[in-house]
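Letters A, B and C name the chains as they come in the text, with residue numbers starting at 1 for each one.
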Amino acid sequence: MPGKQLLMTFPVTATSHTLADYVARDGYATLRRALTTMKPEDVTREVTASGLLGHGGAAFPAGRKWGVVHLNDHQPHYLCANADEGEPGTFKDRWILEHAPHLLLESMLLASYALQVRNAFVYIRGEFDLPYRRLAAAVEEAYAAGHFGERIMGTEFACDVVIYRGAGSYVCGEASGLLSSIEGKRGYPRNRPPRLTVQGLFKRPTVVNNVETLANITGIIAHGADAYKKVGTAKCPGTQLVSISGHIAKPGVYEVEYGYPMARFLHEDCGGMLPGMKLKCLVPGGISTKVLTAAEVEPLTFDHQSFAAAGSSLGSGGMIAVAEGTCMVRLLQVMLRFYHHESCGQCTPCREGMGWMHRIIDRIVAGEGRPEDIDSLYRISRLQDGMTICGMGDAAGYATIGILNKYRGEFEHWIRDKRSLLAGNLEGAVHA
Amino acid sequence: MPEIFINGQPVQAQANQTVMQAALANGFFIPYFCWHPQLSIAGNCRICTVQVEGRSWVEIACNMPVTEGLHVLTDSELVREHRKATMQFITLNHPVDCGICDKAGECTLQDYHFAYNGSPSVSREPKVRATKYHDLSARIMLDNERCILCSRCVRFTREISKSNALGIKNRGDVSLVRAAEDAPLDADPYSDNVIDICPVGALLSKPFLHKARVWYLQPTPSVCPGCERGCTVNIWHRKAEWRLRALDPQQNTSIARVTPLENPAVNGPWICNKGRDLAQVFERPRADHAMQKGKPVDLPVAIAAARTLIDAAKHAVALVSSWGSNEELAAFKEALAGRFTTFVKRDHEPLAGERLHDDLLIRPDKNPNTASARALFGESSAGEPAVPADTDLVLVWGEGCNFGRLPAKAKIIFLNAYLQPENGHADVFIPVSIQTERAGHYTNFAGVVSGFERCFAKKPTVADAQNLFAALAVEATVAP
Amino acid sequence: MKHLIPEFEKLKARFPAGFESSLVLPCVRRIQEDRGFVADADIDGLVEYLGVPRIQIEEVLSYYTQFRRAAIGRWHLQACRNVTCSMRSAERLIDHLSQRLGVTPGQTTPDGVFTLSTAECLGSCGTAPVLMVNDTYHENMSIEKLDRLLDELKGS
């Protein structure tokens, strides 16, 4: 176990996701206590005091987001759990949806109580099948038990939840794109201001929190902010779910306590690389974070400050371990194809820039690269950064600049010799 | 009233303004494609970037609220770099085919390219190909390669005309503006406004397609006579200095197109499609010869004959035109009102299928100057005026009178501009000028007066109603 | 789609009042499950039922990758080819699929049994490479498992 565990605290069995098992683990007891002994603002105060960070990628403090919502302002408020897990390399919310759906629902009820939300939503990506079925079954169980609907736990509190299924669009994982989608439209992200906590779903104050962020609420309210802060580091309280994949021996979802040593995580908890392979670099938090070489990542501790100092970010916790022998030009080509495919097309820099970068790298791979192509990729990345309505311009730029900075030689080689330094291999090389 | 500073200059802004609005209102220019003063903020083109002093990044002005003491730079080095980059992104897949584009000469993209980019293409990639000619509606073509997806047209149909006719299909760099498949754009009587607000050459008028380069044309301010709203318009026609001598000289006196003339008091920046089609009204076959009982006579002969009829009449009725200008109506009143019992006539009735009225511009009365005519000559009942049976002379001014309903024995003096069968049935027929051949004013239903100017010269054989009334009156009083 | 309206009514009951527009995605998804694709008549029916502009539904259908307006094969094979799956042999797997089925991604076999597509990250990187068959994820795929799966699907 990579440090203390706050979410993955029970053995996964064939029934551990059910209401009966959850109740046996004291499920919904925190909700009952909060509804009967706490005021909504007490819940928010506890969440703020815990220092809980958003786990969707931006690590924005959850309490500060909640704090923007004015209580008793005579208009509906909405809560949306963001389960549109689509950042390549990220599959950690899936674990919660499949194995702890009631933890998410109880947490959403607590959040709804705190934020005076009558209608809550879970926006789940359309491709997810088992996670959807597990969550949908949990919602029905919770309704049957009276945990949703009118007079929850015999109090005045009422709340309904809808599971809203996406239909294939990366951009809907961005909070405002997600709301456009729940409104039944294309998933176009929106300009800020206004913030979504001021004008969100159908122009009403709306809090959009990542599934994992929300899942932590129940524990925070159950054990208090102080207990939560005892886990992790001073600046990074708690834990983060890491989904690790790639050329790693034991891919999967791990709950990692902030401050945990990365070398130990990679080489002991995850069992090191696949047999015969050596770590070349790590994509640390989904492909939209800058890649770190083995030498850069191994001395780090698992927390935002440590990764920021190394010039990258923990992002969504989607780690991809890349083995020696992997062609970084092809890897970036796969990434840029993805961004091109997923650009919603709304704003100019992303709509035009993604295709531009994709065409440039396709041309390099086709052996028709030109020396100035590398500078073009840098320049397009820089000029998209901060210029798009959502963060996608920045994201593609980080992916590109991260790889170009560290593996420029592989690009120069392909452009000069019209072929890959590493035979275009993506599957890593096995060393004797 | 927050005070902000634009390029160091203090500016008094309104509390709810954006930086874009405050800048434009105070004489600072910030370029924009997708922003439009009448539409919601889309913030998608990213050309309007400004820099807040002290920040190392740029932001879009169209969505930036003013705050007390805000310091923005509209032309810093960073802003210039990003504008240039945005122009490069925008032209990346734009064909830059200005040579064959109707928008050339009045194209925002063309202007900004010169102002903010002005460099050869930095991309060597093949451009994304898209539909070059798409029938968006019976009136409008769409060139998707030129489209920069600013969404102005889409927002117009959702927020202004409310037809919800347009949308953006697909995504990414293969997004396409398209009309809904049940084709409500054809049913949107305001559809052609999207041509004007398109900042590039993507949306073009089919009737105007390749008809003229805009720099050969000049706009003359006018008023749409299509209904009592009286929208102000520009009538575009060939400039005198570019007059065609050999090739189809008819074009020199033709209406090339009609566009809105922005007017906050009446129509804002919009007009309906009927206003675009004024050529269909004004360019109908013209009556250009006076007649007596269907036989051509010289204009002075007809005028003298009319005078004689007026002189001889005991119970004379006049049906005055609701298409007459304020000046013409006043001239009639001054010169002839004493001689006639006067009714206001509706020259035009709604056409079959025409929208009667709505909340935007279209009004039920399809005549431009009923308000003035009624103010001068009183209310007449709706529909056709009831001409008394003992009437022995009817002066019919303008269209819309069914001669069959006039008393059978009454003599008829008919003043009309167009070639119509009734002309020959009148005892005296006098051809008159049309709106594009004279200057004048109309008063709309709400009392707002708007002026129109002369576009073309009238033929000498055609009378100006304003002078004609004076002539009829002078002869009628002076003659023994 | 008319026979689905009772289901839509139940769905609507969980939404706040005035959220008709929100029902576009769930209704379209249900129609597609029912018919296999969304037909013009379905769009007309939804416009009438939800009272939303037709263009909104057309936009949604063309924007989201999961929606389609034409029939496809009985088994929709969607092979992820994003970063982790490609690192775990997805490209070879897709080539193998193409060869065995005799179609390229985006095409349907002439017998109408299989439609092959590529997908960009299905959120199953820990069990890469992943192949989605209709709604079901098949994880940790290999060429051997793929061959077995194709035989099973063909026989069913």
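By our rule, contacts are C-beta pairs under 8 Å (C-beta built on N, C-alpha and C of every residue); 3 or more make two chains touch, one makes a residue touch a chain.
All of these numbers come straight from a predicted model, not from anything done at the bench.
Chain contact topology: the protein chains form a complete graph, every chain touching every other one. Between A-B and B-C, more contacting C-beta pairs join the chains of A-B.
Averaging C-alpha coordinates per chain places the centre of chain A 24 Å away from that of chain C.
A straight line joining the Cα centres of chain A and chain B is 53 Å long. For the pair chain B and chain C, the distance between C-alpha centroids works out to 49 Å. Of all residues in chain B, those touching 2 or more other chains are 168, 170-171, listed in ascending order.
Each of the following residues of chain A touches two or more other chains: 169, 186, 341-342, 344.
Of all residues in chain C, those that touch two or more other chains are 56, 59, 63. Contact residues of chain B toward chain C in the complex are 164-171, 178-182, 184.
Considering their complex, residues 14-16, 18-19, 21-26, 28-29, 52, 56, 59-60, 63-67, 81-84, 86-89, 91, 119-128, 132, 135-137 of chain C touch chain A. Put simply, chain A touches chain B in their complex at residues 169, 186, 191, 193, 340-349, 351-356, 359-360, 363, 370, 376, 383, 386-389. Across the interface of their complex, chain B is touched by residues 40, 43, 53-56, 58-59, 62-63 of chain C. Of all residues in chain B, only 41, 43-47, 49, 57-58, 60, 63, 65, 81-82, 85-86, 89-90, 92-93, 122-126, 128, 148-149, 168, 170-175 touch chain A in the complex they form.
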